[in-house]
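Next come the structures, one after another.
Each of the next two complexes has chain A plus one other chain: chain B in the first, chain C in the second.
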Partner chain A sequence: MEQMLVNGVVLAVNYALIALGITLIFSIMNILNFAHGQMFMIGGFVVYYLYGIYHLNYFLSLVAVVAVLGVIGYLFETCFFRRMRKVATREENSMLLAVGTALLLENLALSIFGEKQRGVPPVVTGVYRFGSAFLPANRLLVMLLALVLIIGLLLFVQYTRMGRAMRALAQDREVTHLMGVNVNRVAAFGFAIGAALAGLAGGLLITVFGVNSGVGNFYSIKAFIMIMIGGAGVVPGAILGAIVLGFAEAIGYELLPGSVTYLLILIGLIIFLLLRPQGLLGKPWG
Partner chain B sequence: MGIETKQEAPSEVKGSGGISSGHERLPAGLKLRFLALAATLLVVVPVVLGRSPYYITVLTNAAVLAFISLGVWVTFSIGRMNLAQGAFAMVGGYITAILSTRYGLSFWLCMPLSGLVSAALGAFVGWPVLRLKGVYFAMITLSLTEAIRLLTLNGGDVTKGATGIVNIPRPGAIGIFGLTIVPGFSGADPLPFYFLACGLLLLGIVAVWRLSTSRLGWVFRSLRQNEDLATSIGINVAKYRVIAFAVCCFLGGIGGAFFAAYHQNIYPASYTIADSVNFMLYCFLGGLDFILGPVVGAFLLVIAFEILHAVQDYQALIYGILMIACMLWLPNGILSVAVRRSSRESPARK
Partner chain C sequence: MSIFAFRRRKFLVWLGAVAALVAGSAYSQDVLKIGVLGVMSGPAASWGLVNKYCAQTSAQLYNEQGGFEIGGKKYKIEIVPIDDKNDPKLAVSGAERLTKQEGIHYIIGPNVDTTAASVQPVAEAGGAIYFPYAFQQALYTPPHGNAVLGMIASYQAGPIIYKYLMDKKGVKSVSFVARNESDPLNQRDQGVQAAKKLGLEIKSSNDTYEPGTTDFFPVMSRVVSNNGDLIVLSGVAPADAPLLIKSARELGYQGILATETAQDIKILNEVAGNAADGFICVGGASTPEIRSDYMEKFVDRYKKVAGEWNDEAGTKVYALEIILATLQKVGPDAINNVELFKKEIPDFSMKNPFLKEDKPLKYVGAAYFSQPRQIGVPMVVNQVKDGKFETLFIGSVE
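And now, the complex of A and B:
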């Protein structure tokens, strides 16, 4: 029981990082980032090569993850989505483009990294004990790092000039433009941060679960489940969704054989959406 | 949208050739192009390529993938981006696999049954799920693909888990009163499967074309434009969107049944999210405004993928780049280019 709680907390905090990234991109640009799981995977691989193979400091590797994914996100927005906003004739277009970028990243990763499952040694060793539950020090570190990043992100969005511009953009694109905000710059920056968050989650979780070039879609689905539970585009919703999914997974993996957990989560999700299609905290939409 | 149709039709017929501008609003032109397509698939290809099994196999795949994608096109016509088609092809495949290996049912009965079961499941799941729109619908249908995969993985003795179902019998002979109409399919010759695939595809095109030009088709398009407005003029929105989704799943189920008998096996990994995504991309790259869109898209992408075999290692990568390039520079699909060219003289195009 206690073990489930501990595992649930560790998962929930890391998942919150993924959910916040996709929420950020979705609310600022109204684009569902289908490539989010693939960005997660690439973040994992950056850590695998820098920390696992070249034995760079783990924290420096995470900085590199931010740089690499930030550039990818920035390029996606400036090269692809900005043009798409000009030529799109129906709302599906940007969604399809997002799907296309996911395909691109996954194929790119397959060509470069191969198909093998990769893992890295734990960053810190040792195990803590809470009652009857065990918490490896590595998982604790990963959880704390994720927590720091989440708090940092929330403060950034709340108090900085750029963060304010992002929130304004999420509320109303045109009015933001009228207020003299360089909308394209903010959007590109937002996409970069969202991508970096996905990559950081990958860089953190590779020390626990490992990563391979095919996991992208799986994590994208996790991200989708979280924002569907919480309500798309709502920050507290993303965190709530992460908590629900994290604990559901922790409990399911403890009590059920492997993949049945996700089957039940997905069936539960469909029933939940029947009752509340806008998610727990989302606003009702037409 | 529909009123200018009749004025545009004459200029369209003289202005275009081949299948390049199969346009739903131009029945006369479409009929010609459909006949051309049918003749190409059923006569020209077998005569020219009949002796090279490799090309026939590629084209068989393309035809059935196009057939399955037609279903996704129908859900596009009600304004939903459907990423669950792989799931329903999987359902159809497993129904055929189970019925034919376990109960010895003929493939010719299994195939329609698979379609019906998929359609029923689609209606059942679609009823709650279709309340969602836009990205929400895309997300939940993507999850549905994964859910069905997990279901088949955990199906115990019914689906045989990860080992899948193998040794599915090929379609047998059909005969009435001792007279053989269709001979049994053998493994050596790919042509019977090719003809079956093309037959399905042509039937599918006719059915979807009839559907989209009927009253039902107009209702579907009204749902895409504005569901509230459709409700206000007395259209039972919930009913029609379930119908559209069930049609889509029916096509998916039939296609899945075909592939199960064609490959003689089915595994939980036979249809993944990538397949669902591909079905949607075929529609999109061909052009969402055109019934022949999914057909053109499927044939082009499947053939392009085979051509890229030459650069093996980078095949998938180049494929990905090509697709993004198409999306950025041809946001309305490949067919839209042909239409734009042929209707340049008539300014009626919106």
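And now, the complex of A and C:
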């Protein structure tokens, strides 16, 4: 029971960090970033090379992740999605473009980084024991760092000028533009932050799970499930979705055979979406 | 410059080009194309890519010596790789392309039961022999005869490993954990049967994880709580093995962890670190103490082809080597006629070029498939010790 609770908390926090980036991009630009998992993967590889191979300080490696993924996100928005918004008449076009960018990143990664699973030494070692539950120190560190990042992002979105502009853009693009906000700049910045968050999640979790070139789709799918539960484009919804999925997995794996756990999660998701398609915190009108 | 001078120069250039073309075709070498069909992208990419890199490495080594000799003529070996993305539909279209468009009769792969089974009718209709790395017995059993298993199957390695652990380490009980996919689940079921036959107590066998899982703490919490002497990671992928091992050790598991599949020591070290110590898995000709000089040369070249060595390749070096050696023995007619190749299979034997020790390499598997339809890859059982593979014992399949 105690182990189940510990597993649930750890999964929920890790998942929340992954879901936040994709939610941010969706809320600002109405684009479901299918390449989110691939950006997570690149973040993992940046840490693998800087911290694992070249022995740079782990926290400096995370700073590098923010820079690299921020630039990638910025370039994706300015070079691909901005133009698509101008010329495309259908929403599916941006979705297809997003799928294309995911495939592009995955195949590039396979060519550059190879097919092997990669890993780095844990930043801290040791295992804590809470009653009958085990919690490795490195998982605890990752969880705490993820929590700090989540709180930092929420404060940024709530209280900074750019954060307010991003929220305004998420509510109404045209009105935001009429209010004198440089919409393109805010969109590019939002995409860069979303990509950097995905990369940071990868950079944190490589110390626990490792990374490989094909891992991206798995994380994208999990992120989609979380935002479907919480409500697409709603930041607190993403966190709620992460908590629900994290605990559903932890409880399911503890009490049921593994194959039944995900079967029940997916059946539950279908029933839930039939009853509340906008998710727990999403608005019925979108 | 007059127009005539210009035309004469142009004519001479054309004449030179035609002469070069004629000379080129007169000396052009015969090409023997070999297909590699397998998963080369996505999470399981390493399975198919290692097949491809092994074939390309062997081909390079032969081509540098002027080609591979069959019936007194040297053939340049050309590898034609196709990524089936672990999708049966793509495996079928890939096999059709290899057999119909490329005219290929010898294919290495595919990697899993579903893709290997889907390729069967195409290979049989197209007169091709294929070398899957899938364990489903029906593929190799009469009336089917065009598939040759490329490695040791889990149901062959499992009982031998369990028996060794019972005798040498006093193992009495076992838990199984498998990925929720057809191949690993089949391997788990076969492992459970073998363990029961040997008299091991089965502590648990229902625990599975979804493909793509990275956090194994929840699933391993349950497996570890059963407290078996041995945990078998059935059909585990190289990317998952170190994470499962690490989770088990972090949850305080003190027993033995083992699998019947091949793993890579660098991945185990990087991801699991010291937790991988004592882990038991299958290898091929991968540990340095058993490698021949030829294998050492192969490893060096493989590093250039793939960027780095992968211990999984130790079990996959054999396919192209045995295809070529069998063709050499039968003669050039077998290049386009696999029936001649099949006739040679029961009697074929050569010295295993990858092992230091003088051991034969032949087709085996009659005891399992009612006909020899398996490459007699030596069953090298390795254990991780101080970050390196150490050979525990070498077994064989007949």
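Note that the second predicted complex is superposed on the first by the 272 of 286 C-alpha atoms of A that agree within 3 Å, B and C clash if a C-alpha of one lies under 4 Å from a C-alpha of the other, contacts with A are read in each partner's own complex, and residues count from 1 in each chain.
Heads up, the rule we're going with is that a residue touches a chain if its C-beta (ideal position, glycine included) is under 8 Å from a C-beta of that chain, and two chains touch if they have at least 3 such contacts.
Keep in mind the model is a prediction, meaning the values are calculated, not measured.
Once the two complexes are overlaid through chain A, chain B and chain C clash, as defined at the top of the document. By the touch criterion defined above, A:Asn14 lies against chain C but remains apart from chain B after alignment on the C-alpha atoms of chain A.
Judged by the touch definition given at the top, the superposed model places A:Asn217 against both chain B and chain C.
Of the two partner chains, neither chain B nor chain C is touched by A:Leu154. In the superposition on chain A, contact of A:Glu92 is made with chain B only, not with chain C.
Once chain A of one complex is fitted onto chain A of the other, the partner contacts of A:Lys116 are limited to chain C, with no touch recorded for chain B.
In the overlay built on the shared chain, the residue A:Gly100 is in contact with chain B alone; chain C does not reach it. By the touch criterion defined above, A:Ile270 reaches chain B but does not reach chain C. Shared-chain residue A:Tyr262: touches chain B and chain C both. In the superposition on chain A, contact is made by A:Arg83 with chain B only, not with chain C. Put simply, of the chain C stretches 97-105, 223-231 or 277-285, the part that bumps into chain B is 97-105. In the superposition on chain A, chain A positions 106-107, 110, 217-218, 221, 257, 259, 262 are in contact with chain B in one complex as well as with chain C in the other. The part of chain B that touches chain A in the complex is made up of residues 76, 81, 125, 128-129, 131-136, 138-140, 142-144, 146-147, 150-151, 153-154, 228, 272-274, 277, 280-281, 284, 288, 313-314, 316-317, 319-321, 323-324, 327-328, 331-332. Against chain B, in their complex, chain A makes its touches with residues 26, 32, 80, 83-84, 87-93, 95-97, 99-104, 106-108, 110-111, 217-218, 220-221, 224-225, 227-228, 232, 257, 259-260, 262-263, 266-267, 269-271, 273-274, 277, 285-286. Listed in rising order, the residues of chain A touching chain C in the complex are 3-4, 7, 10-11, 14, 52, 106-107, 110, 114-122, 127, 134, 136, 139, 205, 208-210, 212-215, 217-218, 221, 249-250, 252-254, 257-259, 262.
By the touch rule above, chain C contacts chain A in their complex via residues 40-46, 49-50, 180, 206-215, 217-219, 221-222, 238-239, 242-243, 250-252, 264, 266-267, 270-273, 306-308, 310.
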